[in-house]
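My questions all concern the structure below.
For clarity, chains are labelled A, B and C in written order, and residue numbers in each chain start from 1.
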Amino acid sequence: MHVRTTSLALSLLCALGVATSAQAAGTLHFANWSDYYPPELLKKFEADTGIKATLDAYDSNETLLAKLKAGGGAYDVVVPSDSFIEIMVKEDLLQKFDKSKLTNLAHLKDTFKTLSYDPGHDYSVPYLWGTTGFSYDSAQVPGGKLEESWKPFFEPAPELKGKVVALNSIEELFVPAAYYLGVDECTEDPKQAQKIQDLLLKQKPSLAMYNSDGTIERMAAGEVAMHEQWNGAFHRAHAQRASLTYVYPKEGIRVFIDNFVIPKDATNVAEAHAFINWMMQPENIAAASNFAKYNNAIEGSDKFMDKELFEDPAINTPADKLSLLKPFQLCSPKALALRAKVWTKLKK
Amino acid sequence: MNTHNPLWRFAGMRPAAWFFFIFLYLPIVVLVVLSFNGGQSATLWGGFSLKWYSVVANDAEVVRAAKNSLIVATLATLISTSLATLAALGMRGRAFRGQTLMSGVLGLPLLVPEIVTAVSTLMFFSFINLKLSLFTILIAHVVFCIPFAYLPIRARLEGMNPYLLEAAADLYASPWKAFWKVTFPLLSPGIISGAMLAFIISMDDFVITYFVAGAGATTLPVYIFSSIRMGISPKINAISSIILVISIAFVALSYYVGQRKR
Amino acid sequence: MTTPRLIAERRQLGRRLLLSAPAMLTLLVFMLLPLGIMFVVSILQSGDYGGVKWGEYSFEAYRNFFYERDLDDTLVFNTDYLEIFQRSFWLSILTTAGCLLIGFPTALYLALQTERKRNLLLFLVTVPFWTNLLVRAYAWMLLLRNGGLVDEGLQGLGITDTGLGLLYTNNAVIIGLLYTYLPFMVLPIYTSLEKMDWRLVEAAFDLGANRFHALKRIIVPLAMPGIVAGSILVFIPSLGNYIIPELLGGGKTLMIGNLIQLQFGSSHNWPLGAALSFALLSFVLLAMLVYSVRFKPGNAGGHP
């Protein structure tokens, strides 16, 4: 009996050794959100390049940043969002690209050639991008139609009390609230922050909950009538319930761009470049778009994208709405501390 | 035993136990049923289908994550339970100076919020230049599993007749033999309970694991928590059901083997 | 004076320390040292976007726990964090009491089964927890939501006739926490009850004791170490749980665990996060000190 347990332990130890020693040449350690990158595409990459890739998962930009700051790395490519690129560059957590190895940079669409958080693409290349607006179920709202504004979301009609959901993160609420009130999203003025706090406190009793998970299911099931939502999630919910509508509010809508970067302590730098360059080929990035249901930044990927994805105005923003898209701004620590304070007051 | 069984005198107990088991298994039934969901979502029923099982079979990442979880949980349980058993035996008996402090240290991993343990352990590892891997996850898991294994064993020891163990020490020549012949059988309900709690807690940990995980060392909870952005898919239910079936089969088999031995 | 007795005692103490050494060393190196680093973090200046500024000491984090800068920049007493602490403590107390209420009879039931059945049942208690917390929470959301399975079942049985509206309320949070922590109560209590000599109870009944007395005089005292261990294993982890309140409670209020997590995430304030957790640590230690002075006179050592 004891002999058996010992040998079991030994074989487990061996498995442990195997799992940790994947250090051979030509490997790539890639980390991303789960289910945000198609597993088949990684297999194709391995077949095309001969590089062996592992895919790890992280749950948010914040934990990724905290992990990198605390000295944890070991990844060769990660995919943080715009706001975090600038922080990571400032904090010296990223490696500068060797652009001679990124020949496919030429494939970037014009609008993505110069981005505020990394103007020369020295550290980052867009993966997928989307918008954070809100959606509603026209079968459940009074009159079947809502104004194209943040107003119905922040000040919902009384009939919708308890049928509205907000995303559970301070950025996703503070920024649209600032758009709606015409306040600078990076305000350092406590009085302006107070205005936003008042708006959010007034909205709170109408909300069913703050929740960023399961947005697709809630809207697809008709459990709630209105939901602050990412456009890709909307696209999936819409496929299951035709009466859903995505809103581009006239006050502005936040664009988020997720980007490939190479962390400072990455070891397989050449492989990382090869991977990023490979991902900028139209057919490859289109496969990622089709899988994750978000748009990309590569010219010529359109013809490889699924028709219903490409023709969804929520995903492929119509020309007349492009002016509403507002890029991210990195706010000062003081402004961010104010935001955090509003969040604590809102939820205390 | 049954003739002396005073069970019948406590009328409310059987219903309480029934209620307990129904409460325990209700969500599990839902979880397993949804693994056969033909639809895209983990909460909306879209007809019966086995497709998520084939998705799991073709998804190397999720299978690897489940494997990593089982490896870490098994090893962390074995190691932490051994450490906890020894510690519980050491802490038994007449109080000595510093004992309260020592039991405080044994309970410390319980008291510190996960995120703090996570960040500080990672800072410590990077400070001593320990490369992150599955092994660093194992260390962290052993640490936070110790109190979960220790407390049930300690509760078992408390109030136990001390002369039994001392008599055993006199009876057998080697302490090793005395341990296996007397102490271990006496302690085994506590050890089993402690080991099970350690296993549960290790299988479920996300925050600490994420921070101390090296490349290629994603565990199932890390995988599951990271799918929040895209929504949890029924493949998670499928892999959970597979783990459940394997564990129940394992238990049933050992029960059957035990029955045969009698 | 070194009598043989004293030498024997000393040798025994040495052996006991040796037995505890592996666990103690593991915890000293991999728990206390990292915690030491965290303490240093708590008295440093916060970095601009997370992390700390090494070498710039500041007690601001601890001051921020009680005071905040008002709109006109004056320091005012801040009850936000204390309120969050109070709410979390209250929820944990309710969870512990609930677990005890369901867990004790179950443990007693388990302890009264034949040995083989006992081990099987014990496994059945833990098997549901081999699945992930998040997946279990999702299953509960399905069960509890309006028109969900619990509503339908109760209506089918004719117990209720309208939806209960359980999901996204405090009741749902309590149900979720109870569910999460039940085995941590049942197993330790079972462990102490299992060694009980049931003839004692039989004898008590023969002597005319009623059930209540048998329970109070014999069973509960014997189960006490398990009850204490179980309560610790339920109370403290549920204090730090934030996933259940977020998912089942609708995320409208912060819990301690959530608040601390936030400081290492989007609030970018590691020192405050560290200070909050040391505050939590001292609150819990204080509560336990009060408990041990109040309820366990003369029992030095034992549980943390």
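The rule is simple: contacts are C-beta pairs under 8 Å (C-beta built on N, C-alpha and C of every residue); 3 or more make two chains touch, one makes a residue touch a chain.
Bear in mind that the values here come from a model prediction, so they are computed numbers and not experimental data.
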| item | value |
| --- | --- |
| Pair exhibiting more inter-chain C-beta contacts, A-B or A-C | A-B |
| Most remote chain, CA-based centroid, reference being chain C | A |
| Centre-of-Cα separation between chain C and chain B, whole angstrom | 16 |
| Centroid spacing, where centroids are CA-atom means, of chain A and chain B in whole angstrom | 34 |
| Centre-of-Cα separation between chain C and chain A, whole angstrom | 34 |
| Chain C residues counted as touching two or more neighbouring chains | 138, 141, 264 |
| Overlap residues in chain B, where contacts from two or more other chains coincide | 42-43, 119, 123, 127, 206, 224-225, 232 |
| Residues of chain A engaged with two or more neighbouring chains | 60, 63, 66, 70, 213-214 |
| Residue ranges of chain A in contact with chain B within the complex | 5, 9, 12-13, 15-16, 19-20, 22, 29, 31, 33-36, 39, 54-60, 63, 66-67, 70-76, 212-217, 220-221, 233, 236, 240, 292 |
| Chain B contact footprint on chain C (complex, rising order) | 12-13, 15-24, 26-28, 30-35, 37-38, 41, 102-103, 105-106, 108-110, 112, 114, 116, 119-120, 122-136, 138-143, 149, 179, 182-184, 186-188, 190-192, 194-195, 198-199, 201-202, 205, 211, 214-215, 222, 225-226, 228-230, 232-233, 236-237, 240, 256-257, 260-261, 264, 270, 273-274, 277, 280-281, 284-285, 300-304 |
| Interfacial residue positions of chain A with respect to chain C in the complex | 60, 62-63, 65-66, 69-70, 87, 90-91, 168-171, 190-191, 194, 204, 207-211, 213-214, 223, 333, 336-337, 339-341, 343-345, 347-348 |
| Touching residues on chain B, where the partner in the complex is chain A | 39-44, 58-61, 65, 67-68, 71, 74-75, 78, 119, 122-123, 125-127, 131-135, 138, 206, 210-218, 222-233 |
| Touch list for chain C against partner chain A, complex | 47-51, 68, 71, 80, 83-84, 138, 141, 145-146, 168, 246-247, 250-254, 259, 262, 264-269 |
